[in-house]
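Attaching a single structure in structure tokens format; questions to follow.
Labels A, B, C and D are assigned to the chains in the order they are written; within every chain, residues are numbered from 1.
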Amino acid sequence: MIENSFNRRDFLKVLGWGGTAVALSACGNTSIQDGVETVVSYVELPEYAIPGISVYFNSTCAQCDAGCNITGRLREGRVLKLEGNASSDLNHGKMCGLGQAGVQAHYNPDRVREPLLRNGDKGEAIAWDKALGLINEKLAGVKGEEIAFLTGGVSGHVKVLLNNYLEALGTKNHYSYEAVSPSVVRAANKKAYGVEMPRLRIDKAKVIVSFGADFLGAWVSPVHFAQQYAKFRKANENGRGVLVQIESKMTLTGANADRWIPIRPGTEGIFALGVVNALGSAGLALPADIAAVSKSYDAERVTKDTGVSGEQVTKLAALLKERSPSLVIAGSAAEGYAHGSQNAAAIALLNRVLGNVGKTIEAPASVPFPQVTVSTGNRSAVQALNDSMTNGKVKVLFSLGANPVFTAPSALKFKENLSKVPFKVVFANFLDETALEADLVLPLDSALEDWGTSVPEYMGEASQLNITQPLMEKLHPNTRGMGDILLSLLKQRREKEYKDYEDFYSYLRSAIVKNKSALGGNGEDDDTFWTAALSTGMVHFTSAANSLSAKSSAAGLVLPPPAEEDSAYPLHLIPQVTASMRDGRNANQPWLQESPDPLTTIVWDSWVELHPKTAAKLGIVEGDIVEVTSRSGSIKAQAYLFPGIHPDAVSVPLGYGHVALGRWAKGVGANAFGILDQVVDKETGELALNETRVKISKTGKRVFIVKDEGAVGGSQAGVKIAVRASTDEVELSGEV
Amino acid sequence: MEKDIRESIEWAKINGDVLKSLESPRPLFWVILVVALSMFGVGVGCEVYQYQIGMGVANLNNPQVWGLYIATFIFWIGMSHSGTLLSAILHLMHADWRKPIYRFAEAMTTFSLMTAGLFVMVHLGRLWQFYYAVPYPNERWVWPNFQSPLLWDAMAIFTYLSSSVIFLFIGMIPDLAICRDHLHPGWRKKLYTVLALGWEGTDRQWRNFRVTYLTVACFLIPLAVSVHSIVASDFAMSQQPGWHVTSFPPYFVAGALYSGCAAIITLFVILRYVFKFEEYMTLPILKKIVRLTFAIAMVWTYLNAVEFASVWYSHDEASKAVLIQKATGIYAPFWWMMNFCGSVVPFVMMIKRFQTSIPVMFAVSLLLNLGMWLERWMIVSPTFSHGYYPYLWDNNQWPTLVQWGIVFGSFGWFTLLFMGFCKLFPSVSMYEVKEMVYHRSLANKHVEQSLTMNVNELEEKGAH
Amino acid sequence: MSQHHILALFNNFDEAEAAVAELRASTIKGFSFDDLIMKSPIEHPEVESVLGERSANVQWFTLFGALFGGITAFTLIAGSQGNFFAQLKGGKPIIPIPADLVLTYEMFILGGVYITVLGFLICAGLPARRSKLYSSNVSEDQVGLLVKVEASAAATIKSIFTKHQALEIQEEAGK
Amino acid sequence: MSVSNMLENWSKFRHMHPVDDKPHEEYKWAMSIDLDACSGCNACSVACYAENNLPVVGKQKFDAGQQMHWMRIERYWDDDGREFPDQGAQFLPMLCQQCEAAPCETVCPVGATNHTADGLNSQVYNRCIGSRYCSANCPFKVRYFNWYDYPTTDNVWPAEMTQQLNPDVTVRGKGVMEKCTFCVQRLERAKNNARTEGRLVHDGEVQTACQQACPTGAITFGNLVEPESKIARQWAHQQVELAARDKQAKDEQEGGSDLRGYRIFEELRAYPSVMYLERVRESAI
């Protein structure tokens, strides 16, 4: 099939102009003759659109919740590239791949461009006035508690307006839902240290023991951690740091560890207590409560339960004892079980025993305005919402920044229950699975067109309020910012209170300028302060430091024995959160789909990671399409033999398998959220992501896996390409 | 022993027999022509598609940047060497048995070079900018890169092609005069009148003709050697393991002569059958070519072994890996088949009975050609799939129908050209056959005389 | 004095050679041996033993052509490289001699072949109009002898031709 | 064409072929990548897509091996036959090595790839005719060919996506070879600015897109001629010399250097401008 028609004119063009014509024809707004684009006269220059000169504006990355500060590069009034904001305390001018793909969320051709009202199976474009009027109409006569607002993590002034709106509606039903947030770790931290997110001084630690925390890949604030990690690795006054990663499935962080320890799924807490015990045996003084808990975890028991050799435990204990301060991090591998809280608590004990609290675990900077801090999302929210919907208690549902139809486990039957809600409003950039179920879809500005503020959950050196400002003109005239929408909705209720604010920008400016003394702008005049704030893209809170309380007791800590064999479903499913796909909301950005997964180098599809031993037992070879069946459902995907996984486990990446979300996401891979069993952590009620048991069967089909690595599968074939040396072989001091 | 040619052939019969081949073609001709045209059409279609969409439709990729195009290019270049062998080398060596068969071999040279030239174009990603490789003065004073073996290639092919055309034409002038004199009036007669340049066979013309023919032959031999050496340099001068071998140029030249000889046998059989040239393309001549082919086959086999051996003894791990991969990897069936066709099949030619067996030799020649085509493919593709960089090893892509179609089309194109030639120009050199007949009969006369003398002497001796 | 052109056709080289030999030996007034042209269907160097040495100068063209080709190529290539019109390659000298020699060699041959052929055309007087006295039998199996004589000698010549069994004698009175 | 041109400029042009006695004059761009810091996160690769208008080819063409990542992150495992890769994986960002004696340059028939005065291996898209000889000759296989006309291919840059394209960088049509340029558009801008101010580009003034993005700062880039630049100090400290090839051989000897710097395929004598620092793993655990 010839993809584009070949006529004489094209032929001559190709012959005559050659590469030049081809090159020019792709440079954006040059296809004037098509009548699609408009000619902009440079006699009247749009602001900041100086032909040929790049201008830079600072804003905040919206691709994940880390809230990195970004600088957008603009030419002729359009954003070309997102770079890290060099003056940021969080990311210091650095950027991850996910963040950089933000421009593709902005320019994505699949964005929603008009408010859409459901008409049968189709969405019908309607005017904004009508849409907002319709919301008001539908809310009339609905009791406050029958209104629900589902969001992802929200912070800043949108959160303020949102709370005010909820208050105006008379509801407290704000469900903050994140499918893959570290919520159990938050709770455990709160218990162990008194704060949900203490500051982890990776850069100060000499040894890091990470229990499945993928802090270089997708955990909390990876760009920030990666920079600290770089300092940790340098042979500075601390010496070169040692990273030990304990997990059942190798994460990107695990791939960078000095020692990667594969552990039987769910036994991380046992291992932690085993190390505590070994530290005690090595002569470290243990507090009595801890000694009592850990004393039965001798090397033999640990080996039996976790599958890790006793020698390994002893060696690790010796290293931890010798090199201080160290840092022990509990990550997703610890929290993804029904006993996740206990695991996290056991791991936290290590920090206490090693005296890391206060040294490498520091108090985070505090935020003096609790109303703007992030409402951290969790997984139990969607369960609560689902329960309400099931009982018909929700009459009007608003949804912003969450896609539960895609991410909720199928056992919840979320989609079915959603249909019981009479009126559903979704604020969205794209028609994702949830938006497709909505009665009204309101198109949002992209993060590069909108005004807003946000407070990152994980702070760097200082406590900061990030400012999101439009980097360019709206791409589509009929999208609106969330703040503006909320303001309009609030004006429906509290006209008097908000009538002074023409738009969200004026609200934002006055809100920030009003508090400039608390934002480091004491004594400056309003305009100077505001301009400075916009030009740096953030303001810092002047606030007292937080403090940690490490008073938790080990008493009452009980770890269950390792999970029993399940002959029907013999394998543990470890859904992996990859750095680019996360929970799948960015799956429609082609750069991310085309970036090979760092460990498997697979692109444009999901896969099932199996240890070669397990695969051999099942007779599976690479590329076999296998069916992964859990008690809740099954998916089919290509098998990839991966040595970095425990033989008892299989791993499937999350975020693939969209049935909506545009041309680049739809139909790519399989949705692993769908087969997660509805097992929750006993203490927090959070969905235990790693607790699903599965079986694998061959379907008989086989494909060639589309991946970047060659057929020899990451072997260097005896050629010196990527060289590795051990620390005693190289001279690191004095390196530049 | 059977004679290469019957000395008593009338010269007029020679004219008549050969000129008969220029008469209106039989229906079979048109059938083959249509077949060849449609093959060519398939090739053109594939090329248009590839031109329009991009080289990607050929399923080439990052390590496998070259594919069947380059392999087939070398194949056609190799084919072209036979003409030079027969007309120039054997001319210098006064092997007059070449005379009835060198004309079509030379035509084959020219046409296979023209076909090879097409592949250079087909291979280019930006065919429309092809002229950038031509060293022409331009207003920006930008010149091509004279260090590139590819440019040498272009220059060598141009030189070889134009010299071959000239050589073919010069050698044909006396025959064109015959055509002019003995064909019925018509457009062809006018054509021959122009092409014959007014040749009358005067002693002055013959004298200069002889010197010129000899001189051009002398130029053509080193040229032919250099052409395939340069094609070999495309590989040998590069930094791919398995290619960077000094024995490549002689190896390529031997391979070229080899495939050329095989092709001559094929066409020999076809022409002999089609034009009923049994009087001229005789079995003893076939036997001689077969022996020559066998000799070259052994040279090739030796050089092939030398290539393996030099890789083996070089202790260059990368080159060794390529060799092992050729013998055991996914290309192994083709590699072994190439070795079988190239080194084992020729031993059939050792068997006397088969040396003059037309069907056997036809089959053998086809197998040899297949083997030589595979050889070129085995030089190109397996090496790419096993270069220095292991990350991209075995990133193989089976050639798509577009690639096969263009390769297929090239055979149609060659057939078209060759058929056209055979119908327009005498495919057996009439004047040289006459010379051969004349000199053989002269020689016979001498032999008879001396034999008679010997017998007389013997009788005299016996009388004593 | 009017000139006559006479073409005699012989059955084979022996007869023609005999005629030539006799013509050469004889001293006929109004006939110069240099005006004898032999036309033959095949190349027959042996005839030179009776025709005598006649020069062929193609080789000088060859020499010139080959040298011209080679020198031009090298000058052009090295000149363009030396003037940085051909871009520079890292790790290689500005004028890489071994690489340039390859193209020099090719041009040497190209020049040699082209100019040799040009020389052939010039030396052999081609392309030419066919002379009026020509028989298509010459391109088949007969040997022709063409002489230019003064009218007075024509008869003598003809008689010699007849004596050597000329198959056919054509005559034309020319300028 | 003139003799005076040759005489006047010969020595100047000699500097494009640095040998020990005639090093580069003003600039020699070079890079070093610390594999111990590299976490394999792909940020550099995405940055390269954004900066250099690289097409996203999609699954089918990726499968055909026609992907266009100028910077690719390679992942290697140890070949020691252990059950688990318990020292992790090894990542290697592979990009055009900008060789001083580049094998690709000499073979291009039209001279589309050349050496520049500041030591870059440049690719002139307009001159390229697509013979792909350069790629055939590249030991690292870091040259990428436009197998298709990506600007007109569906879903490569549809609709508004074209507005993201960097106007400083050509969008390549079908049939031309392309590769990492060390972000030459950034280098040229920095050099122009410096020239306007009558100075040289100072260290850290210009960053490549990959370097700028790299969260762990594993990539260092700069001017090797300036002895005080970070890159020059790194190269000097690691004893890797641009036009030398004996570092690896020396390292391998008994009692050889215990420095981490090396260049890939040093023995092929292409003299790459990218130095890698070996990954390190703790011996105590």
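To be clear about the criterion, a contact is a pair of C-beta atoms (placed from the backbone, for glycine too) under 8 Å apart; a residue touches a chain by one contact, two chains touch by 3 or more.
The structure presented is a predicted model; accordingly, all values stated were derived computationally and were not measured.
Enquirer: Count the smallest number of chain-to-chain hops linking chain A with chain C, moving only between touching chains.
Expert: Shortest path length, in steps: 2.
Enquirer: Closest chain to the protein CA centroid?
Expert: D
Enquirer: Count the C-beta pairs in contact for every pair of chains, then give the pair with the highest total.
Expert: A-D
Enquirer: Where the centre means the average of the CA atoms, what chain is farthest from chain A?
Expert: Between chain A and the rest, the longest centre separation is with C.
Enquirer: Hey, how far is the Cα centre of chain B from the one of chain D, in Å?
Expert: Each chain reduced to its C-alpha mean, chain B and chain D end up 44 Å apart.
Enquirer: For chain A versus chain B, what separation do you get between their C-alpha means, in angstrom?
Expert: Distance between chain centres, rounded to whole Å: 66 Å.
Enquirer: Just the number, please: Cα centre separation of chain A and chain D in whole Å.
Expert: 31
Enquirer: Quick check on chain B: which residues sit in contact with 2+ other chains?
Expert: Correct list: 53, 126, 129, 141-145, 147, 151, 388-389, 391-392, 395.
Enquirer: Which positions in chain D are in touch with at least two other chains?
Expert: Within chain D, the residues that touch at least two other chains are 1, 67, 74, 76, 106, 111, 128, 149, 174, 176, 270.
Enquirer: So which bits of chain A are touching at least two other chains?
Expert: Residue numbers touching two or more other chains: 3-4, 18-19, 709, 714-718, 721.
Enquirer: For this structure, enumerate the chain pairs that meet the touch criterion.
Expert: A-B, A-D, B-C, B-D, C-D
Enquirer: Spell out the residues on chain D that touch chain A in their complex, using ranges where they run on.
Expert: Its residues touching chain A are 35-37, 39-43, 45-47, 49-51, 56-59, 62-63, 67, 69, 72-79, 83-92, 125-126, 128, 149, 151-155, 157-167, 170-174, 176, 209, 212-218, 230, 233-234, 237, 248, 258-260, 262, 264, 276-285.
Enquirer: Tell me, which parts of chain B touch chain D in their complex?
Expert: Of all residues in chain B, those touching chain D are 53-56, 59-66, 123-127, 129-130, 132-133, 141-145, 147-151, 154, 234, 237-240, 384, 387-389, 391-392, 395, 397.
Enquirer: In their shared complex, at which residues does chain A touch chain B?
Expert: 2-4, 6, 14-15, 18-19, 709-712, 714-719, 721
Enquirer: Give the list of chain A residues in touch with chain D in this complex.
Expert: 3-4, 18-23, 25-29, 75-76, 78-84, 91, 93-97, 100-101, 103-104, 107-109, 216-217, 222-223, 226-227, 229-230, 233-234, 240, 242, 244-245, 250, 252-262, 315-316, 319, 475, 579-580, 590-596, 598-599, 601, 603-605, 613, 643-644, 663-664, 668, 704, 706, 708-709, 713-718, 720-732, 734-736
Enquirer: Which residues, counting only chain B, touch chain C once they are in their complex?
Expert: Spelled out, the residues of chain B in touch with chain C are 10-12, 15, 135, 141-147, 151-152, 155-156, 158-159, 162-163, 166-167, 170, 173-174, 177-178, 180-182, 197-212, 215-216, 219-220, 222-223, 226, 230, 233, 431-432, 434-435, 438.
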